[in-house]
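Each chain gets a letter, A, B and C, in the order it is written, and its residues are counted from 1.
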Amino acid sequence: MGKQTWTILDSHHGVYVDSLTIASGELPGAAAPIRVAKRRLHGGPCDGVDIIEIGNGEMNVTVVPTRGMGIWKAESGPVRLGWTSPTRGPVHPAFVPVFDPSGLGWLDGFDELLVRCGLESNGAPEFREDGSLRYPLHGRIANLPAEHVQISVDVETGEVSVTGRVRETRLFFTKLLLTTKISLLTGRSEFTVTDTVTNLAGVPGEMELLYHINFGSPLLEPQARVVLPIRKMAPRDAVAAAEIDRWDIYGPGIPGKPETVYFFELSSQPSGETLTLLHNAESTHGAGVAFNVHELPCFTLWKNEQPECDGYVTGLEPAVNFPNVRSFEKARGRVVTLEPGQSRSFSVTVRAYRSSSEVETARAEVLELQQGVLPQVSRNPISEWSAGAEG
Amino acid sequence: MGKQTWTILDSHHGVYVDSLTIASGELPGAAAPIRVAKRRLHGGPCDGVDIIEIGNGEMNVTVVPTRGMGIWKAESGPVRLGWTSPTRGPVHPAFVPVFDPSGLGWLDGFDELLVRCGLESNGAPEFREDGSLRYPLHGRIANLPAEHVQISVDVETGEVSVTGRVRETRLFFTKLLLTTKISLLTGRSEFTVTDTVTNLAGVPGEMELLYHINFGSPLLEPQARVVLPIRKMAPRDAVAAAEIDRWDIYGPGIPGKPETVYFFELSSQPSGETLTLLHNAESTHGAGVAFNVHELPCFTLWKNEQPECDGYVTGLEPAVNFPNVRSFEKARGRVVTLEPGQSRSFSVTVRAYRSSSEVETARAEVLELQQGVLPQVSRNPISEWSAGAEG
Amino acid sequence: MGKQTWTILDSHHGVYVDSLTIASGELPGAAAPIRVAKRRLHGGPCDGVDIIEIGNGEMNVTVVPTRGMGIWKAESGPVRLGWTSPTRGPVHPAFVPVFDPSGLGWLDGFDELLVRCGLESNGAPEFREDGSLRYPLHGRIANLPAEHVQISVDVETGEVSVTGRVRETRLFFTKLLLTTKISLLTGRSEFTVTDTVTNLAGVPGEMELLYHINFGSPLLEPQARVVLPIRKMAPRDAVAAAEIDRWDIYGPGIPGKPETVYFFELSSQPSGETLTLLHNAESTHGAGVAFNVHELPCFTLWKNEQPECDGYVTGLEPAVNFPNVRSFEKARGRVVTLEPGQSRSFSVTVRAYRSSSEVETARAEVLELQQGVLPQVSRNPISEWSAGAEG
């Protein structure tokens, strides 16, 4: 009986824990220095936001149930994962005007390390012919609060995890349930997010899902690099095309520099497992994003080389689709259909590399995945992937 | 001095009671097993929602001040009134995007037994010529919090009631005040909602009001029936017209089945009192909705014969208007004008029938109202009632 | 060390004080009867709103951190500053649909004595060519919560002040920070708001700012008057033009009377300091709004001579721009550009005049400012100032 579970929230049964702290001393037999803390934030834009911090001595992660079980920040020894957004959160959804007619209100809450974009839609906002908003930028899931949350610690295996359920439902329309488990394993400087999306409806449903995983300073810095195992690659637009020769390297923040976005199909192990890497200029620190291309076939690299004050950040974004307007993705077959009751699962692991040798090992892993695969690089946007591409 | 009153909320004077429980033991002389409880919900989509439960041994009702004094659920012995929505609430208005440009955001909070639609407008969303939203689906009142709430118990009469005030006002625009009393009378398995809508403005104001009273399983089931005293009837649209021969009976939920809606003018006693009935397949349980057709001349029957997971539900909806777009209702004279300071009152009683004999008595009551009145049934939508009807 | 400071809110460091009361007795050496109280409101439309009351025996002010550090009410002896809005607040931003496609949702929270309109935009809502909302009425700042709040008392000087920071930022768009200090000085029946707006971005940013300072009964009454030192004046539109001969006097509230708005360039001392005055019919009570025309060159007078129930109110509104649609102001050069990191400061003092002699002294001050300046009065709207003016 090594596993203990605390129910933090169960909306349907009136369960809510305002505050909880569990130290290793209270977990006899725990091998690692486990840390669990749940708090409710008060005042300002964060008022009413619940956060859960879990740690195992190697990795600390802050989960935000109130923001769709997103992950605000993480740190592993000297490596801080996350970024500094012009928005200072975690912002309560009441202050995020997702349905601002511009479709861009989502940005007001955007400051997480890992934020899910979906579930009905993600990507650029889409408008009806009359100009009214149809799908807001990146969808609703990040601004919907979890209805059920638990924390578990298994003192034998040392696994610490948070599970949560978030419902994105509307009578007559989408009825999707996200069930997530965010877990830390003993001795590992990584966390794994395992999501299941279930169509609760009696009719087929559709979904999009993109993991917007964002890294800023100090990991991101001039001469930092991203290393990807590439099968196929194209810039999203002309702006990205113009810089394609430096797609994998970062420069200093330049005021007003437009974002550059690249789309990829990655190579992988036969099982589908793949790894992407971001490391700093000296290759002493890095972050890895591992996932399975059978689950998440589309990969987007977002580079926002603007000054720190404007959000110096890059996104490594495994997804079921590219973040174009939904109708474009639908026409290309990248919107997932779920039969009634059907579920689809997705798993993403984010790793911290805390030394040159760890970075080198990761780089070798990526290069190994590239072995025997000749990257098919388009220097221009391709119509299969980019809504704006000609041809 | 048999009446005791507790002020739960008085926004203007800083009064707020977080939690309150009154048991019969604390009410010396109370004839019935009175129950009063006020709670604040925490966490998830319900975070910050106040609910009040009142009961008199025959009927328990849950009132939601935070959602415009709507009624979430009720139960009377074996009869559960309410339904299971794909949305799990009661949802805090901060999570309901009423002004989503689609006009359909109201659905995100829709899971009540009784929800008022209004006050400025209700019915289908209406758009300006340029496609921008003018009136959102079913209006704002259900997502506006009460500013004043009291609970009263009269130990002599046994009446238990909740009163509340909700303000739907905007400088230069609508200025309406809803005052409601929701009451239970000793020995009765029913509750009565008595509403007064007052035009606070110095100029004439307009209002619409519809009581969306919703029943799901287990009361609603295949072969359940609705029984109405009909003066005039028409289907809302072609979909409903196609099923008009089974308008009063329910089938199993069918995935993707579109809603069917019927409009009625009901017959009544000379005083205007009328009764509508829904009962289960075996006629052992039922629910009645009683009101006065002089106050609420329009009656809408909403059938959503979809599977439980999609919201298996029917709505019995007395109203001052039909739930078409507001401009259509206005043109047909069904939008109410209130002079400056003028009030209009409305009363609706919801009854639980807990046995075959109670159901039979109710059915007899409805049939009595039908006596001598030949129902005027249109098999097709009529232009007087349906926005989309031809002719 | 006469100054004591209490941090009420520091979002980034998890500091939040739910409730605080400091009486003079707790401030040894305080010359004046200082009063400081911080509360959180609960229930109804105010649920979750933080308010801070400060007083020095001459003036009491209620600051609302949750509503962008606006000022709800003030009073000085017999003089009550503020008004009675059809909306009863202070309303939590979660209940204010700023992005209602009509652009008018801001009105749902409008009941303050002093509310800032801005920072990206203010004035009438502006729409894109397709009819979708581009800039909502009066902008966002009044519905954004402060992220940092402090209260200070200097027992030596007797100064009592509240400082706050509010962030209006969106990745890729506006990144403005408002820093405000609201202070009371010993022995004075006035408060001063000193604001600094900083462009946090690495690129130039733009701002508008208008102080919507609103007075109602009993100060405002039939035969009340406004006294301004005028350099140039024009009505906003034909409605105001039709009443230009009584622009400075107030009548009784008339149901349905449209608002009348006048635009001004005011005369001032060489330093730019100027004063505007509103006094009651008997000239026994008054309110002054003092500011610097170099900081706030545009002055708008808003008269809403409607009955009390509809909001009997007038606004004295110093600003960097006139409250037209933003594009009009931009074309006229009245939208302020801030270079990266640049700040602009603004100061407004609101005074209560509590006797005939105080009112007379203020009137003399205004007339002194008028000395030698011939008012240039246009009886019709002018195209330089009014979006709708012809010619």
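Heads up, the rule we're going with is that contacts are C-beta pairs under 8 Å (C-beta built on N, C-alpha and C of every residue); 3 or more make two chains touch, one makes a residue touch a chain.
Quantities reported herein were computed from a predicted structural model and do not represent experimental measurements.
By the residue-number overlap criterion, the interface of subunit B with subunit C counts as different, with under half of its numbers used by both chains. Overlaying subunit A on subunit B by C-alpha atoms takes a rotation of 120 degrees, rounded in steps of 5. Centroid to centroid, with C-alpha atoms defining each point, subunit B and subunit C lie 42 Å apart. Among the residues of subunit C, those in touch with two or more other chains are 48, 94, 99, 101, 130-133.
Subunit C meets subunit A in the complex at residues 8-9, 11-12, 14-16, 18, 48, 50, 65-66, 92-94, 98-99, 101, 128, 130-134, 144-149, 167, 169-173, 175, 200-203, 340. Those residues of subunit B whose C-beta lies close enough to touch subunit A in the complex are 39, 41-48, 85-88, 94-95, 97, 99-102, 104-105, 107-108, 110, 127, 130-133, 253, 255-256, 259, 306-307, 309-311.
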